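Okay, so chain A shows up in both of these, paired with chain B first and chain C after.
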Partner chain A sequence: MLFPTPEFASFFLVVFVTAWALRTQLEARKLFLLAASYFFYGYWDWRFMALLAGSSLFNWAAGLLIAGSSNETARYRLVALATAANIGLLGYFKYYNFFMDSLTDLTIALGIQRDMPFLEIILPIGISFFTFQGISYVVDVYRRQIKPVASPIDMALYISFFPQLVAGPIVRASHFLPQLDKTPMLTGTAVATGFLLILNGMLKKTVIAHYLAVDLIDPVFSNPSQATSTDLVAAHYAYVVQVYCDFSAYSDIAIGAAALLGYRFRKNFDRPFGTTSLQQLWQRWHISLSTWLRDYVYRPLRGDKRDAGWRMYRNVFLTMLIGGLWHGANWTFVIWGAIHGSALVIERTIKTRWHDWQMSRLRLAPAGAAVTTGRLTPTPLAAFAPAFIGWFITFHLFTLAAIFFRSPDLSTAAEYFRAMVTAGGGAELTTPFIAALTVASIGVHFMPGGGMERIAERIGGWSGPALGLLLGFGLLGIAVIGPEGVAPFIYFQF
Partner chain B sequence: MATNDANPENGASTANARKATAAMLVAFALFAIFYSEGATRFARNLPGNALTDVLVNTADAWHGLMDDLGPARLAPAVRDAFERLHGLSW
Partner chain C sequence: MFSLRIACFAVLAFNLIHATPADARPVSVAVVGDSLANDLANGMEDNFAGKPVRVIKLTQFATGLVRTDYFNWNGTVQNALRHGDANVVVIVLGGNDHQPIRVDGRRLDPLTKEWRAEYARRVGHFMDTIGKSRGKLYWVGLPDVRSDKLGLGYRAMNAIYKREAAKRKLRYVDIWGKFRSKDSAYSSFGMSLEGVKRQIRKDDGMHFTEDGRRVFADYVSRAIGLR
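And now, the complex of A and B:
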């Protein structure tokens, strides 16, 4: 059941009305939301409902066992076992054939080719997301950051809650579970925020992401050697806009739907294209994954010590490499992760050297120089120039690396880069509409944040029919100019 | 765990839930009036059975009525204007 469909709209109306009718009966509400979430998941493929239930129960039991043990070695073994089981599940469904494929290539290269046991494996939708939630839960219990949840219903609902089940955001147990034990509240601002997020998500997914993909990106990436340089350059910019609009749309609708049901999810994207460093970009792009990787990959790699130097750089690189591989079983994702890892390492090195150099200048500055905040006060141009250079490099590194992310294999990516430089030719597929859509979608990232929150506060006091006119005409406009069918969200494949 | 509905926050939540329900129903009504072609398309995509036949006939009749009365002509007009913008060339 895709979000931008009449099926989901009808489903959500029934869930909304029933959930609020059960507002004061918390246990009944949880059971109802759990049943609704399994219905939502089973609508795609009912066979994987047992997998979802099994994963939830396993992590629930693991949490209880870890918390119940006072022996630190036993606790460590239990969390390691639970994490390994979660990764094993993800590995089997997502990476088994990739591993076999790579092993076949290796045996051919070594001249010892063998027939590998390839399997017909269907990837269960949302497995990357609910597995990561399971891991974060058992690790948080192990770290004593949260108490284990006593009720399997609460655990199952945390893992399967339908707004975030299929493509995130990756919700933390410490943030979501306490909300289940409180009587849900719904303010006028929350209603308006929910509707605005849903409208914004629908616009980004069904209009912006759709037209960029259909008119330019899909034809160019399907055969880069036939495209002109102008279209190839435009398509690589448009692609990051498409991914942003597609994925942030899912997050917006998920956060909006959860808000309407009385639950708060954290922001998952915060104008990432306006950032002036890669580190900053990763703090504002797919925030729930970035923070997950920080807390459950980078920090365990770092250990108790706050390392500097090569160990820190190695850990940053490995974290991004794993982040790349999480996106899919393909060498293109590994390369994409390696590019980001290497770039973050280089960026940190330059920043450290730059900081050291500035400090040495500060020490050499004559007494009475314009030192007010611990730095030499820069002129406006001197302040703008590094920010612009930082943005330019960050943005282009992101868009160029995205060519690997979008290409089905390394040879297509290589062909894309080659043709971008050598093909020549003007805009054949890049129409004024597509160019304007791309530029405008990037431009909004430079506007001040919090605009939607301010509008929601302003219209939160409107009557139901007035909000209905806004929601109805907004969705109507999107449906009329959008396509007849809706393509699945890009992140469903991850 | 039951809570006291006399609490003003609880009363406000219930009122806001009603408000949101009304808003969603108004949005559905607007779709039915101004986008009746969507209803016919939705009905035709359902798995074929006796109930679907009834739904398809009802949706077709509704769309015919909205077309005669005028609201259903708004969507094609907006789409034509959008297509002109979409089809612009350098």
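And now, the complex of A and C:
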């Protein structure tokens, strides 16, 4: 059941009405939302509902055991076991055959060719997201950042709540669980926020991402060797816009749907293409994953000490490498993660040296020199130039690395890079409309943030029917300007 | 959508024109169709690298003979092949066609009697259109897939391709079940050309991996006498 479909609209309408009818009966409301979430999940493939329930119950029990133990060694062993079980589950479904395939390559390279025991495994939808939520829960309990949840219903609802179940955002227990025990309120601003987020998401997914994919990206990436250089260059820019519009759309609709049910999720994207460094970009792109990786990969790697130097760089690199592999069992994702990891290390090194150099200049300058001569106070141009260079490098590193992200295999990626430089030729698929759509979609990232929140505040006082009309006409308008059909969301595969 | 069609035609024509005489290779194979055709073409490119066989891709993802409002193969391929010199044309099309057909406002559900009749008419018309090109024509059937429901549809559609091809004396290449494991169930794994067990089908249960597309291309190449 994809978000932008009549099936989901009908499903959500029933859930919305029933959930608000049960507003004052919190336990019944939770049970209803849990049943609705399992229906939503089972609509794709009912066979994995047991897996979802098993994962929820396992992490619930692990949380209780960890919290119930006062022995630090036992607590440590329990959290390690629970984390290993979660990773094992993900590893089995997602990486087993990739591992076997890589092992086959290795045996061929060593001249001891063997047939590996491959297994016919179907990847359960959303497994990367719900196992990450399970890991964050048990680790947070271990760190004593949250108390274990007593009710298995609450835990199951936290893991399976349908707006975020299959493609995130990765919600934290500390943020979501306390909301379950409060009587939900449906304010005008919450409704307006929900409607605006849903409309924004629908526009990005069904119009922008769809046009870019169908008219340019899919044809070019399917046959890079036969595309012109102009189309290849345009498609690699358009692709990052497509991924952004596709995934941020899912997040917007998820956050909007949750808001309409009375729950608040944190922002998952915040104008990432307007950033001037890679570190900044990762603080604004898929924020729930970046912060997850920071809290549950980078920090454990770092330990209690705040490392500097090569150990810190190694940890940054490994975190991004793992982040890359999380996206899929393919060497293309490993390389994508390695590019980002290496680039972040280089960026941090340059920043540290730059900072040291500036400090040494300040120390050498006579007292008051910065004020009196202005030599150390940057002019507007001097301030703009580094920001522009930072943006230019960051953006292009992101778009070029995305070629690995989009390519089905390494040979296609290599072919893409080769053809981009050598093919020549003008724009054949890159129409002025596609070019304008790409540029405009990047351009909006330079506008001040918080615009949607301000509009929601302003229209939050409208009557219910007026807000309903806004949503209705908005969806109608999007349906009119958008192409027919709905492509699956890119992040479903992860 | 009009601009998309024009652009696609331009790409197809460009590919054909640029594939022709200069390097004067003895065999020029045009692979026509959807993403499965693209897998086949990529596999042929890999297998024939360094050999006197030129592979021309005339592929468009997510297309078929049902949604002619989205992409019209008849109009596109006729013009493209007219300008090229492909002496072998291999078609793989239909993977996206297991869906309702709309005719004069009526909806024909997949595999109903009316749907089969209309689909057969469209397949026949496309075969007639492509039959006007100068190359030897081969229609490659659809492979078995993981989904039972889709597999059932593909079997019925293969029967249509085979029947319509026979009517026009067009060679039909049956690939159903040719990439299965020994126990005859659908499998993502099979022997690579190097003789080692590899993943040959993608996780979507339909498309071919890098190793798989070479196996696919090898089978089709042998069937049409290119190897």
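Some points to look at:
Going forward, the second predicted complex is superposed on the first by the 489 of 494 C-alpha atoms of A that agree within 3 Å, B and C clash if a C-alpha of one lies under 4 Å from a C-alpha of the other, contacts with A are read in each partner's own complex, and residues count from 1 in each chain.
Here is the rule we use: a residue touches a chain if its C-beta (ideal position, glycine included) is under 8 Å from a C-beta of that chain, and two chains touch if they have at least 3 such contacts.
Note that the structure is a prediction, hence the values are computed from the model and not measured.
In the superposed model, A:191 lies in contact with chain B only, and not with chain C. In the superposition on chain A, A:108 makes contact with chain C only, while chain B stays out of contact range. Contact with chain C, but none with chain B, is seen for A:123 once the two complexes are overlaid on the shared chain. Ranked by how many residues of chain A each touches, chain B and chain C are led by B. Looking at the shared chain after the overlay, A:223 reaches chain C, while chain B stays out of its contact range.
By the touch criterion defined above, A:431 lies against chain B and chain C together after alignment on the C-alpha atoms of chain A.
In the overlay built on the shared chain, the residue A:464 is in contact with chain B alone; chain C does not reach it. Contacts of A:260 after superposition on the shared chain: chain B is touched, whereas chain C is not. Shared contact residues of chain A with chain B and chain C: 431, 433, 484. Of all the residues in chain C, the ones that touch chain A in their complex are 1, 3-4, 7-8, 10-11, 14-15, 35, 38, 45, 57, 59-62, 70, 146, 187-189, 194, 196-199, 202-203, 205, 209-210.
Residue ranges of chain A in contact with chain C, taken from their complex: 97, 101, 104, 108, 113-116, 118, 120, 122-123, 214-215, 218-219, 222-223, 225-227, 408-409, 411, 428-429, 431, 433, 483-485.
Listing the residues of chain A that touch chain B in their complex gives 6, 9, 13, 16-17, 20, 23-27, 181, 183-188, 190-191, 194-195, 211, 260, 262, 427, 431-433, 463-465, 467-469, 471-473, 475-477, 479-481, 484.
Considering their complex, residues 1-3, 5, 9-10, 12-14, 16-31, 34-35, 38, 41-42, 75, 78-79, 82, 85-90 of chain B touch chain A.
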